[in-house]
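Here chain A shows up in two complexes: once beside chain B, once beside chain C.
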Partner chain A sequence: MISLLTPEEEATYLDFYSNNIIKTCNFFKMPTQVKLTAASFFKKFYLVNSVMEYHPKNILYTCVFLAAKSENYFISIDSFVRALQGTEAAHILDLEFIVLQSLKFTLLVHHPVRPLYGFFLDFQAVLLHPEPVMYDVSVDTLGNLYNRAKDWLNEHAVTSDVTFLFTPPQIALAAMYDTDKRITDRYLKRKFLKEDKEKLNVIKEGDEEQPDQNTEPQNEESEKQGVVKEESETNSHHNIKLHTQREHYETLVRTIRKCIKIAKEVKPTTREESKEIDKKCFFALNPKKLIDKRIKRLALEEK
Partner chain B sequence: MCPICKTDKYLSPNMTFLINPECYHKICESCVDRIFSLGPAPCPYPKCGKILRKNKFKQQVFDDLRIEREIDIRKKVGNVYNKTEEDFPSLKEYNQYLENIEEIVFKLNNDVDVVETLAELDKYEQEHKLEILEKNMRESEKSADLVKYQEAMERLKQEKRKIQEKMDLEDLNFQREQQQKLLDKMATSSETTEEILKQLEVQKQSRLTSRRKQLQSINENLDRQFNSANPFHKHLPEEVQTPFTPFKGDRDLNKKYTMLPVLDAEEIMDTDNSHGSYYDPYMNKLAKVKEFLGAGWRLNHVYERALDEAFIGLGCIIEQEKTSAKPTLV
Partner chain C sequence: MSTPVVASPPVPLKKRSGPATHNYSKERKVGEGTYAVVYLGHQVTTGREIAIKEIKTGIFKDGLDMSALREVKYLQELRHPNVIELVDVFSTPHNLNLVLELLPCDLEVLIKDKEVVFTMGDIKSWMLMTLRGIHHCHRNFILHRDLKPNNLLIAPDGQLKIADFGLARALGNPNEDLSSNVVTRWYRAPELLFGAKHYTGAIDMWSIGIIFAELMLRVPYLPGKDDVDQLDVTFKALGTPTEQIWPNVSSLPMYNALTVYAQPSRQELRNRFSAATEKALDLMIMLTQLDPSRRCDSTRALLHDFFTELPRPTEPRDLPKKSIKKEEPDAKRRKI
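Take a look at the complex of A and B:
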């Protein structure tokens, strides 16, 4: 019997090729935008197709070529193919429409890169203006953080599945959060828990490492008490607002943490491993060869 | 080729075809003259036999005769059913009215219950004769207003042009005078030529700016006069409208962030002074490139877009939505 690939094998196989996308794009010195789009196209293509139908090698080049076009970084097919060994222009152009069809002709991809830049700007607005909030954070620290977060995105977000599971701003925040938890957490608190930020700050100084599970209930209690002392009419309204705010913040942080976890789960596939899978894949792609082989063997046996 | 006299386009290149809205058969002009000049006659096409009149013949506008026919029907129905949206208390009723019209057009166009429909049309016309007339009057008044407006516009333009010409003439005279003065001065005065020239240049500049201001104010005055007199001006909506969005209320009017003031290109210093604004040396450098600015590129747009994208979909938790949504098979 012909042995087909298991879903796990297919996944590892594709991971190997997604890494190749980055290499290809770097080879052509393409902008990050193109790289991300190409990776996204590639992953979306194999959501609806199988490696046993289309070999990833040419699909990969087609995705890169298409992404370059759709992101306005045009290279002509001739110069593109010249740089690639063993690929002809017809290979790519024939697949182009199939890829487009599998993408349902949706070429616009939202990447976490611009949101990341947006957050870099908003970090400045929240943490540095009107006056610096944290004694050790300056524009340079934030710039540094931004650059490292960009690297994080390049490393983790391109190849992993997070783009399917989280919105771009969430991924951007995850990048920030994982590069510098302290600053990002402070930002999120200041941004989304405006009402009780003063009190939180006091508590924050003590435990920077610890997640806020134990401090939060306390804080809410004290906040509640403080509110009770004030007018009783606005009390409930204020409380509800506070509550939803806190809930919002907590879900956001939870989402971000999950995003980081998923992004980091991907482990690099080795060349040997994928070669192994490639062999299996070969006969699935070319059933005729398999039949020929069997016939030959049968003929030998008869002799 | 005309099917009746067999005249060819090749032999008589300027022959034209006419059609009659009774049966829409194509007949060449000379045949129409020949057959129908003595009064109504049957259509010469075999098996048609409809009685046609010469004055109903017309040139074909659309290549496709079915379209030609539908347009004619629409015109006919539209003459009777000529109400506009303002005549109805609600949009729904107006839509109902339009629907009704479409129904009639469809029936006539596709030969469904033609006799009944025509009778209905006639009945409606009889019943609403006065209304239809009134409406027609109003429409013609409106178009008369439009004509008046256009005339006024034309007059305004002429006025402006006249003033411009007059001023140009004055300028020319002034220049000549100036030239004369210069020569005189050079002959008599003790100052050096350069000084005199400089003086004159300054005078000229100041005159030029004052002239320009004068022209502008005159133009503005004229515009104002014109606008107060014209009846169409007040129809323009005055309140600022938000752009159309296909989804109700997807426009986020209270944004999740407050933007810091963004400096203009001139204000950005080479040193990284970012007091009160965003700090990004790369972008700030770009903000001073004249080519970009000339093309409409602005620093604050860049910042705004990045910030917008940072907060779009931040509160959208895919996991939650998936659990709460009903399981649907894809």
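Take a look at the complex of A and C:
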């Protein structure tokens, strides 16, 4: 009997290969964008296919090749396979359409690096202007936080399942929160709780939608004037708003924490572990080889 | 996009690509572009008329063609009445096929068809539909990068649809260089002519401004003979950019000592576009600002007074169609 892989084994096996995507992309000095897209293609491919049907090695290379084209970082098939051992151009070209089809022809992938850059800019707006909010936080501190959060994404977001479970801005915030909880929390409070009493605002008609990451900084001047004029009648509104703001803030922090936890759950797969699974996988991919082996053994026993 | 109609998840994919072909019939060739042949066909299950864009192979030895991939990538993300609909994708043994809604006419054909008269209401209607389509692209951070009358297709019900996303790309990865060798020459914005490596949706807005002019003139507005001539033609018509009207223009890679032409006066523009109202001229001027940061974006263009003054934009179904004469050579060809 062919022993099939368990889902756990399959996941372990894929984690091992996911890491190879990063190595491959780094080898070709491909930009982060390509790396992230290739990893996403690879994961999505195995959501609908099994390693017992398609061996991950060439699928991985195909994903890198396709991602490079899709992200406008073209590399010719010849120079690509020249650097790969035991893989020929035809292997990749034959798989390319199959991969594209498994992706349901969806090539655009939204990565957390872009919202991360957006948050980097907004952190500056919220924490440094008009005057610094934290005595020890400057542009340099934030630049440093941004860079370390980028490393965090490379380390934890590329290979884990978070991209299937959280939105890109949530993942970006998780990276920042886990990198520097104090600064990130201050930002979130200022942004979502409007912690400064004075700036607490009147609810304008039609302005009650969820505060999300894209909410623009509100015009403080006009709101202050509004407070003076309408203070009495809006006090109860005011409390409701405070309450929902707090709820949104808490939900967001809970989501971020959950994201961090899942991102860090992946433990690296060792080469040995992967080799073991590879062996098991071999016969699943090549059932005829197993039959031949059995026949040989039976023939020996006969004698 | 919906999954291919033939798809049934448990069947291995390699076996799936074959039968997909039978879902669509390819009947006759209706057009040919640089990297694709377009056929008219039907969706077998529904009888719906569709266009099949078969990507030429053999010209691209590196697997799936980049333009085809771009087209699939971006059309997948866009659903809008003024953007062509990608219905499905399938493969025949050596080809990638995009199944598109059938759009039998394009704006270039209408502009060249001298039998057809355009009213200001017609022009307004086409401009409005083009702007709505591009607004949808831009708010999804997608640049078209090849707007021209030939890529604005017309549906049987008169709706205009932006098509041909073979050059499109996503905007907004900071610090990333973009190629300035995009957009068909006559519709190429000045920052591209100067080789800018960073640009925005303003390049599409320029193209729309030039198309607006062409709709009124019925001949191409800035028909440069080559890339150098394009600069000359552009600035002769709209003035040579200086540091005053376009700060930092001289730091662009291909900015050169240019013949200095004066900005056209309002009266000059009035003479050039005799059918245009003052509001039409205002919009045209906003769309063809040399400095991309002063050019108006799709939101401002859509809110422009030109669209609310009389005459009203023509209802799409009442817009001019190809004259019958044009059909004749086509009909003959079909018989052969």
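List of remarks:
In this text, the second predicted complex is superposed on the first by the 264 of 303 C-alpha atoms of A that agree within 3 Å, B and C clash if a C-alpha of one lies under 4 Å from a C-alpha of the other, contacts with A are read in each partner's own complex, and residues count from 1 in each chain.
In the analysis below, a residue touches a chain if its C-beta (ideal position, glycine included) is under 8 Å from a C-beta of that chain, and two chains touch if they have at least 3 such contacts.
Just so it is clear, the model here is predicted, and its values are computed rather than measured.
Partners chain B and chain C, once the complexes are superposed on chain A, run into each other and clash. Of the two partner chains, chain B is the only one that A:Gln124 touches; chain C does not reach it. In the superposition on chain A, no contact is made by A:Arg271 with either chain B or chain C. Of the two partner chains placed by the overlay, only chain B lies in contact with A:Leu252; chain C stays clear of it. By the touch criterion stated above, A:Arg294 is placed in contact with neither chain B nor chain C.
Contact with both chain B and chain C is seen for A:Arg114 once the two complexes are overlaid on the shared chain. By the touch criterion stated above, A:Ser102 is placed in contact with chain C alone, chain B being left untouched.
Once chain A of one complex is fitted onto chain A of the other, the partner contacts of A:Pro169 are limited to chain B, with no touch recorded for chain C.
When the two complexes are superposed via chain A, 292-300 is the only one of 4-12, 292-300 or 310-318 in chain B with C-alpha atoms clashing against chain C. In the superposition on chain A, chain A positions 114, 117 are in contact with chain B in one complex as well as with chain C in the other.
Those residues of chain B that touch chain A in the shared complex are 257-260, 272, 274, 276, 278-280, 303, 305-320. Considering their complex, residues 31, 33, 48-49, 53, 65-66, 69-70, 72, 74, 76-77, 92-93, 96-98, 100-102, 104-108, 114, 117 of chain A touch chain C.
By the touch criterion given at the top, residues 1, 3-4, 9, 12-14, 16-17, 61-64, 66, 69, 72-74, 76-77, 89, 91, 96, 169-170, 172-174, 176 of chain C touch chain A in their complex. Chain A meets chain B in the complex at residues 110, 114-122, 124-125, 129, 139, 143, 165-170, 172-173, 248, 251-252, 255, 258.
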